[in-house]
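Data first, discussion second: the structure below is written as C-alpha coordinates.
Labels for the chains are A, B, C and D, by order of writing; each one numbers its residues from 1.
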(Lines give C-alpha, C1' and ligand atoms only; values in the text may rest on other atoms or scores of the structure.)
Protein backbone atom coordinates (compact mmCIF):
# COMPACT_ATOMS: atom_id res chain seq x y z
CA UNK A 1 0.00 0.00 0.00
CA UNK A 2 1.21 3.47 -0.88
CA UNK A 3 0.74 6.51 1.32
CA UNK A 4 3.45 8.91 0.14
CA UNK A 5 5.50 9.69 -2.94
CA UNK A 6 8.39 11.91 -3.98
CA UNK A 7 8.07 13.39 -7.47
CA UNK A 8 11.04 15.11 -9.16
CA UNK A 9 10.48 17.84 -11.72
CA UNK A 10 12.18 20.71 -13.51
CA UNK A 11 10.66 24.14 -14.22
CA UNK A 12 9.85 24.63 -17.91
CA UNK A 13 9.92 27.94 -19.78
CA UNK A 14 6.16 28.09 -20.44
CA UNK A 15 5.55 27.85 -16.68
CA UNK A 16 7.21 31.20 -15.97
CA UNK A 17 5.59 34.62 -16.26
CA UNK A 18 6.82 38.15 -16.89
CA UNK A 19 7.73 38.53 -13.21
CA UNK A 20 10.52 36.05 -14.04
CA UNK A 21 9.26 33.23 -11.82
CA UNK A 22 6.84 30.31 -12.00
CA UNK A 23 3.21 31.46 -12.22
CA UNK A 24 1.39 30.57 -9.02
CA UNK A 25 -1.24 28.48 -10.82
CA UNK A 26 1.44 25.99 -11.89
CA UNK A 27 2.06 24.71 -8.38
CA UNK A 28 -1.39 23.10 -8.39
CA UNK A 29 -0.40 21.21 -11.53
CA UNK A 30 2.93 20.17 -9.99
CA UNK A 31 1.04 18.79 -6.98
CA UNK A 32 -1.47 17.04 -9.24
CA UNK A 33 1.35 15.46 -11.26
CA UNK A 34 2.80 14.15 -7.98
CA UNK A 35 -0.62 12.84 -6.90
CA UNK A 36 -1.03 10.89 -10.12
CA UNK A 37 2.54 9.58 -9.83
CA UNK A 38 1.65 8.35 -6.32
CA UNK A 39 -1.30 6.48 -7.84
CA UNK A 40 0.94 4.93 -10.49
CA UNK A 41 3.40 3.88 -7.77
CA UNK A 42 0.43 2.06 -6.23
CA UNK A 43 -0.34 0.34 -9.54
CA UNK A 44 -3.35 2.58 -10.18
CA UNK A 45 -4.46 5.27 -12.61
CA UNK A 46 -6.48 8.26 -11.43
CA UNK A 47 -8.46 7.94 -14.67
CA UNK A 48 -8.98 4.22 -15.19
CA UNK A 49 -11.65 3.71 -17.86
CA UNK A 50 -12.70 0.45 -16.15
CA UNK A 51 -13.19 1.93 -12.68
CA UNK A 52 -16.17 4.14 -13.49
CA UNK A 53 -15.14 6.73 -10.92
CA UNK A 54 -13.40 10.09 -11.02
CA UNK A 55 -11.75 12.32 -8.42
CA UNK A 56 -12.66 16.01 -8.76
CA UNK A 57 -11.16 18.36 -6.21
CA UNK A 58 -13.43 19.99 -3.62
CA UNK A 59 -10.78 22.14 -1.95
CA UNK A 60 -7.21 23.30 -2.52
CA UNK A 61 -5.21 25.49 -0.16
CA UNK A 62 -1.63 26.54 -0.80
CA UNK A 63 1.01 28.79 0.74
CA UNK A 64 3.90 30.13 -1.31
CA UNK A 65 7.18 30.60 0.57
CA UNK A 66 9.72 31.39 -2.18
CA UNK A 67 9.69 31.64 -5.98
CA UNK A 68 10.80 28.91 -8.40
CA UNK A 69 12.71 29.97 -11.50
CA UNK A 70 13.31 28.63 -15.00
CA UNK A 71 15.20 25.33 -15.06
CA UNK A 72 15.11 24.95 -11.26
CA UNK A 73 15.00 21.32 -10.20
CA UNK A 74 12.58 20.59 -7.40
CA UNK A 75 10.57 17.80 -5.77
CA UNK A 76 7.00 17.44 -4.65
CA UNK A 77 6.64 15.37 -1.48
CA UNK A 78 3.03 14.29 -1.33
CA UNK A 79 1.35 12.09 1.24
CA UNK A 80 -2.18 10.94 1.96
CA UNK A 81 -3.12 12.75 5.13
CA UNK A 82 -6.59 11.27 5.50
CA UNK A 83 -8.70 8.70 3.72
CA UNK A 84 -12.43 8.55 4.45
CA UNK A 85 -15.07 6.42 2.79
CA UNK A 86 -15.53 8.88 -0.06
CA UNK A 87 -12.69 11.40 0.09
CA UNK A 88 -8.89 11.60 0.06
CA UNK A 89 -6.99 14.48 1.59
CA UNK A 90 -3.39 15.07 0.48
CA UNK A 91 -0.61 17.15 2.02
CA UNK A 92 2.23 18.28 -0.24
CA UNK A 93 5.47 20.18 0.10
CA UNK A 94 7.32 21.54 -2.93
CA UNK A 95 11.06 21.59 -2.20
CA UNK A 96 14.11 22.96 -4.02
CA UNK A 97 17.12 21.26 -2.43
CA UNK A 98 16.32 21.60 1.28
CA UNK A 99 14.09 24.65 0.96
CA UNK A 100 10.30 24.34 1.12
CA UNK A 101 9.06 26.73 -1.56
CA UNK A 102 5.34 25.92 -1.23
CA UNK A 103 3.08 23.73 0.87
CA UNK A 104 -0.50 22.69 0.18
CA UNK A 105 -3.47 20.62 1.24
CA UNK A 106 -6.12 19.40 -1.14
CA UNK A 107 -9.13 17.14 -1.00
CA UNK A 108 -10.53 14.97 -3.78
CA UNK A 109 -13.88 13.26 -3.66
CA UNK A 110 -14.77 9.98 -5.35
CA UNK A 111 -17.70 10.41 -7.78
CA UNK A 112 -19.40 8.26 -10.36
CA UNK A 113 -17.90 9.38 -13.65
CA UNK A 114 -20.15 11.19 -16.14
CA UNK A 115 -23.01 11.76 -13.70
CA UNK A 116 -24.18 15.31 -12.95
CA UNK A 117 -24.95 16.74 -10.52
CA UNK A 118 -21.96 14.98 -8.99
CA UNK A 119 -22.61 12.65 -6.11
CA UNK A 120 -19.95 11.25 -3.81
CA UNK A 121 -19.66 7.45 -3.80
CA UNK A 122 -17.47 5.10 -1.73
CA UNK A 123 -13.94 4.47 -3.00
CA UNK A 124 -13.88 1.14 -4.90
CA UNK A 125 -12.14 -1.69 -3.03
CA UNK A 126 -9.52 -2.04 -5.78
CA UNK A 127 -8.38 1.48 -4.93
CA UNK A 128 -8.79 1.22 -1.15
CA UNK A 129 -6.58 -1.88 -1.10
CA UNK A 130 -3.66 0.08 -2.50
CA UNK A 131 -3.80 3.49 -0.83
CA UNK A 132 -3.41 4.27 2.87
CA UNK A 133 -3.22 7.37 5.04
CA UNK A 134 0.33 8.24 5.98
CA UNK A 135 -0.39 9.01 9.60
CA UNK A 136 0.73 12.11 11.41
CA UNK A 137 4.18 13.51 10.60
CA UNK B 1 -23.85 31.41 -43.37
CA UNK B 2 -20.70 32.49 -41.63
CA UNK B 3 -17.26 32.49 -43.24
CA UNK B 4 -15.27 34.95 -41.11
CA UNK B 5 -15.20 36.38 -37.63
CA UNK B 6 -13.37 39.04 -35.64
CA UNK B 7 -12.54 38.07 -32.06
CA UNK B 8 -11.33 40.67 -29.52
CA UNK B 9 -9.10 39.65 -26.64
CA UNK B 10 -6.73 41.03 -24.03
CA UNK B 11 -3.42 39.46 -22.98
CA UNK B 12 -3.59 37.95 -19.50
CA UNK B 13 -0.70 37.69 -17.01
CA UNK B 14 -0.48 33.89 -17.07
CA UNK B 15 0.01 34.02 -20.85
CA UNK B 16 3.34 35.81 -20.56
CA UNK B 17 6.73 34.22 -19.92
CA UNK B 18 10.01 35.36 -18.39
CA UNK B 19 11.03 36.97 -21.69
CA UNK B 20 8.32 39.53 -20.87
CA UNK B 21 6.02 38.68 -23.78
CA UNK B 22 3.25 36.22 -24.65
CA UNK B 23 4.53 32.64 -24.88
CA UNK B 24 4.36 31.46 -28.49
CA UNK B 25 2.09 28.50 -27.65
CA UNK B 26 -0.68 30.88 -26.60
CA UNK B 27 -1.30 32.16 -30.11
CA UNK B 28 -2.72 28.75 -31.06
CA UNK B 29 -5.21 29.08 -28.23
CA UNK B 30 -6.11 32.63 -29.28
CA UNK B 31 -6.80 31.34 -32.79
CA UNK B 32 -8.82 28.42 -31.44
CA UNK B 33 -10.89 30.77 -29.28
CA UNK B 34 -11.63 32.80 -32.42
CA UNK B 35 -12.53 29.65 -34.36
CA UNK B 36 -15.04 28.59 -31.70
CA UNK B 37 -16.45 32.13 -31.57
CA UNK B 38 -16.95 31.93 -35.35
CA UNK B 39 -18.92 28.71 -34.82
CA UNK B 40 -21.05 30.37 -32.14
CA UNK B 41 -21.68 33.29 -34.50
CA UNK B 42 -23.04 30.65 -36.91
CA UNK B 43 -25.31 29.23 -34.22
CA UNK B 44 -23.08 26.19 -33.73
CA UNK B 45 -20.83 24.68 -31.07
CA UNK B 46 -17.58 22.95 -31.97
CA UNK B 47 -18.41 20.38 -29.31
CA UNK B 48 -22.12 19.72 -29.64
CA UNK B 49 -23.00 16.57 -27.67
CA UNK B 50 -25.81 15.83 -30.14
CA UNK B 51 -23.68 16.05 -33.29
CA UNK B 52 -21.53 13.00 -32.64
CA UNK B 53 -18.54 14.54 -34.42
CA UNK B 54 -15.36 16.27 -33.35
CA UNK B 55 -12.76 18.43 -35.09
CA UNK B 56 -9.15 17.52 -34.22
CA UNK B 57 -6.45 19.52 -35.93
CA UNK B 58 -4.24 17.83 -38.51
CA UNK B 59 -1.95 20.77 -39.20
CA UNK B 60 -1.11 24.19 -37.76
CA UNK B 61 1.37 26.65 -39.23
CA UNK B 62 2.10 30.05 -37.75
CA UNK B 63 4.44 32.97 -38.28
CA UNK B 64 5.25 35.43 -35.51
CA UNK B 65 5.87 39.01 -36.61
CA UNK B 66 6.02 40.98 -33.34
CA UNK B 67 5.54 40.21 -29.64
CA UNK B 68 2.37 40.79 -27.64
CA UNK B 69 2.71 42.08 -24.08
CA UNK B 70 0.71 41.95 -20.86
CA UNK B 71 -2.65 43.75 -21.09
CA UNK B 72 -2.30 44.39 -24.82
CA UNK B 73 -5.65 44.46 -26.58
CA UNK B 74 -5.71 42.61 -29.87
CA UNK B 75 -8.04 40.93 -32.36
CA UNK B 76 -8.00 37.63 -34.18
CA UNK B 77 -9.40 37.88 -37.70
CA UNK B 78 -10.27 34.35 -38.73
CA UNK B 79 -11.84 33.15 -41.95
CA UNK B 80 -12.65 29.83 -43.54
CA UNK B 81 -10.24 29.55 -46.42
CA UNK B 82 -11.45 26.19 -47.73
CA UNK B 83 -14.20 23.74 -46.90
CA UNK B 84 -14.01 20.23 -48.33
CA UNK B 85 -16.29 17.28 -47.63
CA UNK B 86 -14.39 16.30 -44.51
CA UNK B 87 -12.03 19.16 -43.64
CA UNK B 88 -12.03 22.88 -42.84
CA UNK B 89 -9.01 25.10 -43.40
CA UNK B 90 -8.82 28.40 -41.56
CA UNK B 91 -6.64 31.46 -42.09
CA UNK B 92 -6.10 33.83 -39.17
CA UNK B 93 -4.33 37.10 -38.52
CA UNK B 94 -3.66 38.36 -34.99
CA UNK B 95 -3.67 42.17 -34.96
CA UNK B 96 -2.83 44.81 -32.38
CA UNK B 97 -4.34 48.03 -33.67
CA UNK B 98 -3.28 47.98 -37.32
CA UNK B 99 -0.23 45.78 -36.86
CA UNK B 100 -0.32 42.09 -37.78
CA UNK B 101 1.59 40.39 -34.96
CA UNK B 102 1.05 36.80 -36.14
CA UNK B 103 -0.59 34.95 -39.00
CA UNK B 104 -1.56 31.30 -39.22
CA UNK B 105 -3.23 28.55 -41.20
CA UNK B 106 -4.73 25.47 -39.64
CA UNK B 107 -6.76 22.52 -40.80
CA UNK B 108 -9.34 20.58 -38.81
CA UNK B 109 -10.85 17.29 -39.88
CA UNK B 110 -14.33 16.04 -39.07
CA UNK B 111 -14.23 12.70 -37.21
CA UNK B 112 -16.74 10.51 -35.46
CA UNK B 113 -16.33 11.33 -31.80
CA UNK B 114 -14.90 8.68 -29.47
CA UNK B 115 -13.75 6.35 -32.25
CA UNK B 116 -10.05 5.39 -32.49
CA UNK B 117 -8.15 5.13 -34.69
CA UNK B 118 -9.74 8.33 -35.94
CA UNK B 119 -11.44 8.23 -39.29
CA UNK B 120 -12.52 11.27 -41.27
CA UNK B 121 -16.26 11.52 -41.97
CA UNK B 122 -18.29 14.03 -44.00
CA UNK B 123 -19.33 17.24 -42.25
CA UNK B 124 -22.95 16.89 -41.05
CA UNK B 125 -25.49 18.91 -43.06
CA UNK B 126 -26.47 20.93 -40.00
CA UNK B 127 -22.92 22.27 -39.92
CA UNK B 128 -22.44 22.58 -43.66
CA UNK B 129 -25.56 24.71 -43.92
CA UNK B 130 -24.08 27.35 -41.62
CA UNK B 131 -20.41 27.59 -42.61
CA UNK B 132 -18.95 28.68 -45.94
CA UNK B 133 -15.53 29.34 -47.39
CA UNK B 134 -14.67 33.04 -47.46
CA UNK B 135 -13.20 33.02 -50.92
CA UNK B 136 -9.87 34.52 -51.87
CA UNK B 137 -8.81 37.76 -50.17
CA UNK C 1 -11.58 54.18 -5.15
CA UNK C 2 -12.34 50.64 -6.19
CA UNK C 3 -12.97 47.79 -3.80
CA UNK C 4 -14.88 45.25 -5.89
CA UNK C 5 -15.31 44.20 -9.49
CA UNK C 6 -17.45 41.83 -11.57
CA UNK C 7 -15.58 40.08 -14.38
CA UNK C 8 -17.48 38.17 -17.11
CA UNK C 9 -15.84 35.25 -18.87
CA UNK C 10 -16.60 32.21 -21.02
CA UNK C 11 -15.01 28.76 -20.67
CA UNK C 12 -12.59 28.00 -23.52
CA UNK C 13 -11.86 24.55 -24.94
CA UNK C 14 -8.23 24.42 -23.79
CA UNK C 15 -9.42 24.98 -20.20
CA UNK C 16 -11.27 21.66 -20.06
CA UNK C 17 -9.76 18.26 -19.29
CA UNK C 18 -10.65 14.67 -20.13
CA UNK C 19 -13.14 14.57 -17.27
CA UNK C 20 -15.22 16.91 -19.48
CA UNK C 21 -15.05 19.93 -17.18
CA UNK C 22 -12.75 22.88 -16.44
CA UNK C 23 -9.44 21.78 -14.89
CA UNK C 24 -9.28 22.94 -11.27
CA UNK C 25 -6.07 24.95 -11.84
CA UNK C 26 -7.90 27.28 -14.22
CA UNK C 27 -10.05 28.83 -11.50
CA UNK C 28 -6.95 30.51 -10.06
CA UNK C 29 -6.36 32.12 -13.43
CA UNK C 30 -9.99 33.21 -13.70
CA UNK C 31 -9.67 34.87 -10.29
CA UNK C 32 -6.37 36.48 -11.26
CA UNK C 33 -7.92 37.84 -14.47
CA UNK C 34 -10.68 39.39 -12.33
CA UNK C 35 -8.12 40.85 -9.92
CA UNK C 36 -6.23 42.53 -12.74
CA UNK C 37 -9.50 43.80 -14.23
CA UNK C 38 -10.32 45.32 -10.82
CA UNK C 39 -6.95 47.14 -10.96
CA UNK C 40 -7.69 48.41 -14.46
CA UNK C 41 -11.10 49.62 -13.26
CA UNK C 42 -9.13 51.63 -10.66
CA UNK C 43 -6.92 53.09 -13.38
CA UNK C 44 -3.99 50.87 -12.38
CA UNK C 45 -1.95 48.01 -13.82
CA UNK C 46 -0.72 45.16 -11.62
CA UNK C 47 2.51 45.27 -13.61
CA UNK C 48 3.28 48.95 -14.11
CA UNK C 49 6.88 49.31 -15.28
CA UNK C 50 7.09 52.70 -13.56
CA UNK C 51 5.89 51.51 -10.14
CA UNK C 52 8.88 49.31 -9.32
CA UNK C 53 6.73 46.91 -7.28
CA UNK C 54 5.17 43.52 -7.92
CA UNK C 55 2.47 41.45 -6.21
CA UNK C 56 3.37 37.78 -5.78
CA UNK C 57 0.82 35.61 -4.01
CA UNK C 58 1.63 34.23 -0.58
CA UNK C 59 -1.55 32.16 -0.14
CA UNK C 60 -4.48 30.89 -2.18
CA UNK C 61 -7.38 28.88 -0.84
CA UNK C 62 -10.31 27.70 -2.96
CA UNK C 63 -13.39 25.53 -2.63
CA UNK C 64 -15.05 23.97 -5.66
CA UNK C 65 -18.82 23.59 -5.48
CA UNK C 66 -19.84 22.53 -8.99
CA UNK C 67 -18.08 21.98 -12.32
CA UNK C 68 -17.90 24.47 -15.18
CA UNK C 69 -18.20 23.14 -18.73
CA UNK C 70 -17.08 24.18 -22.21
CA UNK C 71 -18.67 27.43 -23.38
CA UNK C 72 -20.32 28.12 -20.03
CA UNK C 73 -20.65 31.82 -19.33
CA UNK C 74 -19.76 32.83 -15.80
CA UNK C 75 -18.68 35.77 -13.67
CA UNK C 76 -16.01 36.30 -11.06
CA UNK C 77 -17.12 38.62 -8.27
CA UNK C 78 -13.96 39.79 -6.57
CA UNK C 79 -13.60 42.21 -3.70
CA UNK C 80 -10.78 43.49 -1.53
CA UNK C 81 -11.43 41.96 1.85
CA UNK C 82 -8.49 43.54 3.66
CA UNK C 83 -5.75 45.99 2.85
CA UNK C 84 -2.77 46.27 5.18
CA UNK C 85 0.38 48.33 4.76
CA UNK C 86 2.05 45.65 2.66
CA UNK C 87 -0.59 43.09 1.69
CA UNK C 88 -3.95 42.82 -0.07
CA UNK C 89 -6.42 40.02 0.64
CA UNK C 90 -9.10 39.29 -1.95
CA UNK C 91 -12.31 37.27 -1.69
CA UNK C 92 -13.84 35.91 -4.91
CA UNK C 93 -16.90 33.97 -5.94
CA UNK C 94 -17.18 32.32 -9.36
CA UNK C 95 -20.83 32.28 -10.44
CA UNK C 96 -22.72 30.72 -13.34
CA UNK C 97 -26.09 32.46 -13.43
CA UNK C 98 -27.09 32.44 -9.76
CA UNK C 99 -25.02 29.42 -8.77
CA UNK C 100 -21.72 29.82 -6.91
CA UNK C 101 -19.45 27.24 -8.52
CA UNK C 102 -16.29 28.14 -6.59
CA UNK C 103 -15.17 30.55 -3.87
CA UNK C 104 -11.69 31.59 -2.93
CA UNK C 105 -9.48 33.79 -0.79
CA UNK C 106 -6.00 34.87 -1.77
CA UNK C 107 -3.36 37.20 -0.44
CA UNK C 108 -0.81 39.16 -2.45
CA UNK C 109 2.15 40.96 -0.95
CA UNK C 110 3.79 44.11 -2.28
CA UNK C 111 7.49 43.55 -3.05
CA UNK C 112 10.23 45.52 -4.74
CA UNK C 113 10.41 44.11 -8.25
CA UNK C 114 13.49 42.16 -9.26
CA UNK C 115 14.90 41.84 -5.74
CA UNK C 116 15.54 38.38 -4.27
CA UNK C 117 15.09 37.17 -1.64
CA UNK C 118 11.76 38.98 -1.80
CA UNK C 119 11.05 41.54 0.86
CA UNK C 120 7.65 43.06 1.55
CA UNK C 121 7.46 46.83 1.12
CA UNK C 122 4.61 49.30 1.77
CA UNK C 123 2.08 49.76 -1.03
CA UNK C 124 2.95 52.92 -2.99
CA UNK C 125 0.63 55.86 -2.37
CA UNK C 126 -0.44 55.94 -6.03
CA UNK C 127 -1.92 52.48 -5.53
CA UNK C 128 -3.27 53.04 -2.02
CA UNK C 129 -5.20 56.09 -3.24
CA UNK C 130 -7.18 53.97 -5.68
CA UNK C 131 -7.90 50.71 -3.86
CA UNK C 132 -9.95 50.23 -0.70
CA UNK C 133 -11.18 47.31 1.39
CA UNK C 134 -14.80 46.45 0.64
CA UNK C 135 -15.83 45.99 4.23
CA UNK C 136 -17.76 43.03 5.57
CA UNK C 137 -20.46 41.53 3.34
CA UNK D 1 28.89 19.83 -30.07
CA UNK D 2 25.25 18.85 -29.87
CA UNK D 3 22.96 18.63 -32.88
CA UNK D 4 20.16 16.31 -31.71
CA UNK D 5 18.47 15.17 -28.52
CA UNK D 6 15.88 12.65 -27.39
CA UNK D 7 13.53 13.90 -24.67
CA UNK D 8 11.23 11.49 -22.77
CA UNK D 9 7.96 12.69 -21.33
CA UNK D 10 4.62 11.48 -19.99
CA UNK D 11 1.22 13.07 -20.71
CA UNK D 12 -0.18 14.87 -17.67
CA UNK D 13 -3.88 15.25 -16.83
CA UNK D 14 -3.97 19.05 -17.28
CA UNK D 15 -2.69 18.60 -20.85
CA UNK D 16 -5.83 16.76 -21.97
CA UNK D 17 -9.09 18.34 -23.10
CA UNK D 18 -12.72 17.26 -23.16
CA UNK D 19 -12.15 15.36 -26.40
CA UNK D 20 -10.17 12.94 -24.20
CA UNK D 21 -6.78 13.59 -25.80
CA UNK D 22 -3.88 16.02 -25.51
CA UNK D 23 -4.83 19.55 -26.58
CA UNK D 24 -3.00 20.44 -29.80
CA UNK D 25 -1.32 23.50 -28.26
CA UNK D 26 0.62 21.26 -25.86
CA UNK D 27 2.77 19.73 -28.59
CA UNK D 28 4.52 23.06 -29.06
CA UNK D 29 5.42 23.02 -25.38
CA UNK D 30 6.64 19.42 -25.61
CA UNK D 31 8.89 20.42 -28.52
CA UNK D 32 10.11 23.48 -26.64
CA UNK D 33 10.92 21.37 -23.57
CA UNK D 34 12.98 19.09 -25.84
CA UNK D 35 14.74 22.10 -27.40
CA UNK D 36 15.75 23.42 -24.00
CA UNK D 37 16.90 19.92 -22.93
CA UNK D 38 19.07 19.84 -26.06
CA UNK D 39 20.63 23.11 -24.95
CA UNK D 40 21.26 21.74 -21.48
CA UNK D 41 22.86 18.64 -23.03
CA UNK D 42 25.21 21.10 -24.77
CA UNK D 43 26.02 22.78 -21.46
CA UNK D 44 23.87 25.81 -22.30
CA UNK D 45 20.71 27.49 -21.10
CA UNK D 46 18.27 29.07 -23.53
CA UNK D 47 17.82 31.87 -20.99
CA UNK D 48 21.29 32.56 -19.64
CA UNK D 49 21.24 35.89 -17.77
CA UNK D 50 24.89 36.47 -18.72
CA UNK D 51 24.42 35.93 -22.48
CA UNK D 52 22.29 39.00 -23.14
CA UNK D 53 20.42 37.26 -25.95
CA UNK D 54 17.04 35.56 -26.31
CA UNK D 55 15.50 33.23 -28.87
CA UNK D 56 11.93 34.13 -29.82
CA UNK D 57 10.26 31.95 -32.41
CA UNK D 58 9.50 33.38 -35.85
CA UNK D 59 7.73 30.33 -37.27
CA UNK D 60 6.26 27.03 -36.10
CA UNK D 61 4.68 24.42 -38.33
CA UNK D 62 3.27 21.13 -37.07
CA UNK D 63 1.37 18.13 -38.39
CA UNK D 64 -0.66 15.90 -36.10
CA UNK D 65 -0.79 12.22 -37.07
CA UNK D 66 -2.43 10.51 -34.09
CA UNK D 67 -3.69 11.59 -30.64
CA UNK D 68 -1.80 11.25 -27.37
CA UNK D 69 -3.76 10.25 -24.27
CA UNK D 70 -3.46 10.68 -20.52
CA UNK D 71 -0.40 8.93 -19.04
CA UNK D 72 0.99 7.97 -22.46
CA UNK D 73 4.77 7.84 -22.46
CA UNK D 74 6.38 9.40 -25.51
CA UNK D 75 9.61 10.94 -26.77
CA UNK D 76 10.46 14.08 -28.67
CA UNK D 77 13.33 13.56 -31.13
CA UNK D 78 14.63 17.01 -31.94
CA UNK D 79 17.55 17.96 -34.16
CA UNK D 80 19.04 21.18 -35.46
CA UNK D 81 18.21 21.18 -39.13
CA UNK D 82 19.96 24.43 -40.03
CA UNK D 83 22.07 27.00 -38.24
CA UNK D 84 22.63 30.37 -39.88
CA UNK D 85 24.40 33.40 -38.48
CA UNK D 86 21.30 34.61 -36.66
CA UNK D 87 18.75 31.78 -36.72
CA UNK D 88 18.31 28.14 -35.71
CA UNK D 89 15.83 25.82 -37.41
CA UNK D 90 14.75 22.67 -35.57
CA UNK D 91 13.00 19.55 -36.81
CA UNK D 92 11.13 17.41 -34.27
CA UNK D 93 9.20 14.17 -34.23
CA UNK D 94 6.97 13.20 -31.31
CA UNK D 95 6.90 9.40 -30.98
CA UNK D 96 4.92 6.98 -28.86
CA UNK D 97 6.80 3.67 -29.05
CA UNK D 98 7.53 3.40 -32.77
CA UNK D 99 4.64 5.58 -33.92
CA UNK D 100 5.22 9.18 -35.02
CA UNK D 101 2.25 11.07 -33.53
CA UNK D 102 3.35 14.56 -34.62
CA UNK D 103 6.15 16.21 -36.56
CA UNK D 104 7.17 19.84 -36.61
CA UNK D 105 9.62 22.45 -37.82
CA UNK D 106 10.30 25.69 -36.01
CA UNK D 107 12.70 28.56 -36.33
CA UNK D 108 14.12 30.71 -33.55
CA UNK D 109 16.01 33.93 -34.08
CA UNK D 110 18.76 35.32 -31.86
CA UNK D 111 17.90 38.79 -30.54
CA UNK D 112 19.36 41.16 -28.03
CA UNK D 113 17.32 40.64 -24.89
CA UNK D 114 15.06 43.45 -23.72
CA UNK D 115 15.32 45.51 -26.90
CA UNK D 116 12.19 46.38 -28.88
CA UNK D 117 11.51 46.42 -31.71
CA UNK D 118 13.42 43.15 -31.83
CA UNK D 119 16.46 43.00 -34.03
CA UNK D 120 18.27 39.83 -35.04
CA UNK D 121 21.91 39.62 -33.94
CA UNK D 122 24.59 36.98 -34.60
CA UNK D 123 24.63 33.95 -32.30
CA UNK D 124 27.32 34.48 -29.62
CA UNK D 125 30.44 32.34 -30.08
CA UNK D 126 29.88 30.60 -26.74
CA UNK D 127 26.65 29.20 -28.19
CA UNK D 128 27.94 28.58 -31.70
CA UNK D 129 30.80 26.47 -30.31
CA UNK D 130 28.36 24.03 -28.75
CA UNK D 131 25.54 23.64 -31.28
CA UNK D 132 25.76 22.23 -34.79
CA UNK D 133 23.37 21.40 -37.61
CA UNK D 134 22.58 17.69 -37.76
CA UNK D 135 22.88 17.41 -41.51
CA UNK D 136 20.35 15.76 -43.76
CA UNK D 137 18.58 12.66 -42.44
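Rule of thumb we're sticking to: a residue touches a chain if its C-beta (ideal position, glycine included) is under 8 Å from a C-beta of that chain, and two chains touch if they have at least 3 such contacts.
A quick note: this is a predicted structure, and the numbers were derived from the prediction, not measured.
Enquirer: Measuring between Cα centroids, which chain is at the maximum distance from chain C?
Expert: Looking at centroid distances, D is the chain farthest away.
Enquirer: With respect to inter-chain C-beta contacts, which pair, B-D or B-C, contains the greater number?
Expert: B-D
Enquirer: Quick one: chain B and chain C, Cα centre-to-centre, how many Å?
Expert: Chain centroid spacing, chain B to chain C, equals 28 Å.
Enquirer: Averaging over Cα atoms per chain, report the distance between chain A and chain B in Å.
Expert: Whole-Å distance between the two chain centres: 33.
Enquirer: I'd like the Å distance between the centres of chain B and chain D, where a centre is the mean of that chain's Cα atoms.
Expert: Roughly 23 Å, centre to centre.
Enquirer: Among all residues of chain B, which ones touch two or more of the remaining chains?
Expert: 13-14, 18, 20-21, 25, 29, 32, 47, 70
Enquirer: In the complex, go through chain A and note every residue touching chain D.
Expert: 12-14, 29, 32-33, 36, 40, 45-47, 70-71
Enquirer: Looking at the complex, which residues from chain D come into contact with chain C?
Expert: Touch residues, chain D against chain C: 13-14, 16-18, 20-21, 23, 25, 70.
Enquirer: Would you pull the chain A residues touching chain C in the complex into a rising list?
Expert: Touch residues, chain A against chain C: 18-21, 24-26, 28-29, 32, 47, 54, 56-64, 66-67, 113-114, 116-118.
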